[in-house]
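Take a look at these structures.
Next, two complexes with chain A in common: one pairs it with chain B, the other with chain C.
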Partner chain A sequence: MTRSYYESNARARIDALLDADSFHEWLPADARVTSPHLATLELPAAFDDGVVIGRGSIAGKQIFIAAQEGGFMGGAVGEVHGAKIVGVLERAVRDHPAAVLLLLETGGVRLQEANAGLIAVSEVMRAILSARAAGVPVIVAIGGQYGCFGGMGIAARCASTIIMSEEGRLGLSGPEVIETARGVEEYDARDRALVWRTVGGKHRYLLGECDVIVPDSMAAFQQAIIASINNGDAWTLAALEQEHEILSERVQRFGKCKDGRDIWRELGWAEPDAIAMLDNDEFVKAAQGRRAK
Partner chain B sequence: MTIENLKYRFDNGTPIQGATAIVGVLGSGNLEVMVEPAALGGACEIEVSTAARGFGTIWQAVMKDFFTRHRAGDIRISVNDAGATPAIVSLRLDQAIETFKGQRKT
Partner chain C sequence: MEWRKVADQLFPAGHQVRQDGDLLLGEGHCGERIVAVIGTTNHAEVGVELALAMAAAVIEVIRMHPERPILFLVDTSGQRLRHRDEMLGLNGYMAHLAKCVEMARRWDHPIISLVYEQALSGGFLANGMMADVCASLPEAEIRVMGLPAMARVTRISEERLTQLSVSSPVFAPGAKNYLAMGGLDELWEGDLSACLTKALEHVDATDHRRKRGLERGGRLLADSVVKRVLSSA
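Coming up: the complex of A and B.
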């Protein structure tokens, strides 16, 4: 049976993706390193503050991993939660594992923790870049129910590689936030097709923001992770300048588009509405030469 | 939504062997359960931290049923709850004991 990545929680993902019995958890649940802010507010606090971190191996290669639990406060990043991810990345700078794997599922900053959460997210971004500067690839996987939003959406884009499933979503402001700020006429967060055309895995793949798109199965994510370990974007000044060039071209080319469909048409898809119906293999094949990157 | 802390102790259980286990997620209508080995002279101690206040007698009944089913001693159970129903709580407790004993993975 193929296990769904989408339906699994953080611990089940680690269990399925890593080599059997290779996972060693840092600051496990029984260490009870919980959020002091939630305690002050008398809110329930998870034993692991919603993120599971540690080391293990995948296809025999030593990796460090952090897996966010979307089920706990939407995977939101609090002070402890963020510090745990930063710790993994800083340890990678010191110990040079084959890769750091971040299984992201988050709405962004945990608002209850306000500035501490914001600072935590910015520290995660800096730590991702530090790890890459030290030559350690940082691989992000996104395929959970809550997507990857807010500051962590930016953090994800700091990584060497992003792997997504069609079900995954990657963005800055989440759909509800956009609707609240700009009105339902501008963006209807309940329109699932619209949401996926804006932030869904296929759209991110076509824009070139997601490097690999996979079907929603643990085996597919695992294969993609193994293939990405030595295959991510280089972290050099030239690569950064090239990325900036791609982004300014993108504004030129797609700046007037009102919808994902308009972008897809511009990319050469004569029937953009057919994209949603393609299965993963058909989609990847059809996307050759029709992506922005 | 302030939390309520509840404590239960059941004596004269049969000591069980296992390794610290955590199951479930602290999400709406769900709970996380951690089981740790503890030298309690055969007792089972349970500590519940719940977002739903005022359900102490129901927790007492659910925990008593759980202890009657397993009679598991020398363990400490810690629960973080976000409003799970009694049936969900019972299933999670059973899952936690099975995981603790190594019968199955989380």
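Coming up: the complex of A and C.
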């Protein structure tokens, strides 16, 4: 099973990651739960509103899942889309599955229903933290074409574990947004290497913004998810204070850096440009002791 | 409204709220209670430092002042739009702040937020929108994006968006729209001190937003979609 996660859509990901025939979809396409707001604007709707949700199992363990479809409006969150994810998380608080798996691929709030989308993202954030407080690990996987941005980039970091591939991107404001607001001198959105050094999987792993980095294959994501299911770490004030120390130290240590390369150099990578060339195993090995956190 | 005026009106019995750059910190007296105040001003762009400073303030309240209510005074033009902040993981700092607020709630601190000037997207998600009671002055500006920018991105004319926004609260800026959608619990007008006192009396830790959106007719589907997921096979 070496199929690319990056190249696949939401349903193919669910199909490949979950145990065979274990997926049961909630509000499937034939339920026709679509966005009324897109219809008002005479825009095409999707029968799943861009997110596939349900239950299934991975390695025999029952999990709940929500998979965003980047192919529909860039995975953007509208009222229905967001409420589906909230439903999955609230159900997890009630039913205690082994984990909730969020396959995120999104630019954030869907502008055509901006207010509903923003509130929905906020509800998702609170629901993720409620699930964790109920002892259900929330595992986020990021490795699709659209990355994970906007408010959902914040929501992702509310989860217990983030798994990324090198191709995955995670941030708040996307490069285009910053370039539009501040000019190309601030952030050249077309400079793919720069974007990768800023929000890409390897950078996020070195910085401690993601927990696990995997090669771009379904098998690798699946393995990492299985390994993360038992990480239902107690979500405590002490853990939060430790996170506070880590984030404070990060600003002190890297706050003056101009480029991802400067951070990597500071972390002990004598040749930061070589990082891009390392395959995933080599990279993970070499990153031992040269990672923040 | 200028933050000092807001603080004076909220706490006629006195307050010690101080401004440090874009950050507001201090406490105010509301009846018998002391309320911790954490906020921003100058339409602050929330970058990593500001998010961290607010998070530190929340943690300090949890550690030092059990069950003390926290009031967020919100004035933000959004997350800081800088390459450097993105590189440092601004989303992680925002999430950290949101987690601190959630932790405060779980440690029995009532959390109130008041949008007194501006609240835009990312800057609002991590604190104001995490509150038990999220309030706004009626004239405050709350939005994801203004209509001209939205017209550019969505390729729908501004005229058409303006026309549609009369009947739908779903995308146009404004506190009233957020109220209708349940994103805001209430608008505070007149005696702000009385509004705060009342809010402190009826806080609870449940997220009621989608129910409010349904009751107020501004967000009709969210609640039923969640319920359908909960009752699915």
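Everything that follows uses one rule, which is that the second predicted complex is superposed on the first by the 289 of 293 C-alpha atoms of A that agree within 3 Å, B and C clash if a C-alpha of one lies under 4 Å from a C-alpha of the other, contacts with A are read in each partner's own complex, and residues count from 1 in each chain.
Here is the rule we use: a contact is a pair of C-beta atoms (placed from the backbone, for glycine too) under 8 Å apart; a residue touches a chain by one contact, two chains touch by 3 or more.
What you see is a predicted model, and the numbers here were worked out from it, not measured in a lab.
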item	value
Partner chain(s) touched by A:126 [first = chain B, second = chain C, both, neither]	second
Which of chain B and chain C A:9 touches, first, second, both or neither	first
Chain B versus chain C as contact partner of A:111, first or second or both or neither	second
Which of chain B and chain C A:37 touches, first, second, both or neither	second
First, second, both or neither for A:223, with chain B first and chain C second	neither
Partner, of chain C and chain B, that touches more residues belonging to chain A	C
Which of chain B and chain C A:62 touches, first, second, both or neither	neither
Partner chain(s) touched by A:231 [first = chain B, second = chain C, both, neither]	neither
Chain B/chain C common contact set on chain A	none
Interface residues, chain B side, partner chain A - complex	1-3, 20, 22, 25-27, 30, 32, 34, 36, 49-51, 78, 80-82, 105-106
Of chain A, residues touching chain B in the complex	9, 11-12, 15, 28-30, 42-48, 69, 71-72
Residue numbers on chain A that touch chain C, as the complex places them	24, 26-27, 31, 33, 36-37, 40-41, 53, 79-80, 82-84, 86-88, 90-91, 94, 109, 111-123, 125-127, 129, 133, 150-151, 153-158, 170-173, 175, 177-178, 181-182, 186-187, 197-199, 203-204, 207, 209, 237, 240-241, 243-244, 247-248, 250-251, 254-255, 257-260, 263
Residues of chain C touching chain A in the complex	48-49, 52, 55-56, 59, 62-63, 79, 81-96, 98-100, 102-103, 106-107, 121-122, 124-126, 129-130, 143-145, 150, 153-154, 156, 164, 168-172, 177-178, 181-183, 207, 209-210, 213, 219-223, 225-230, 232-233
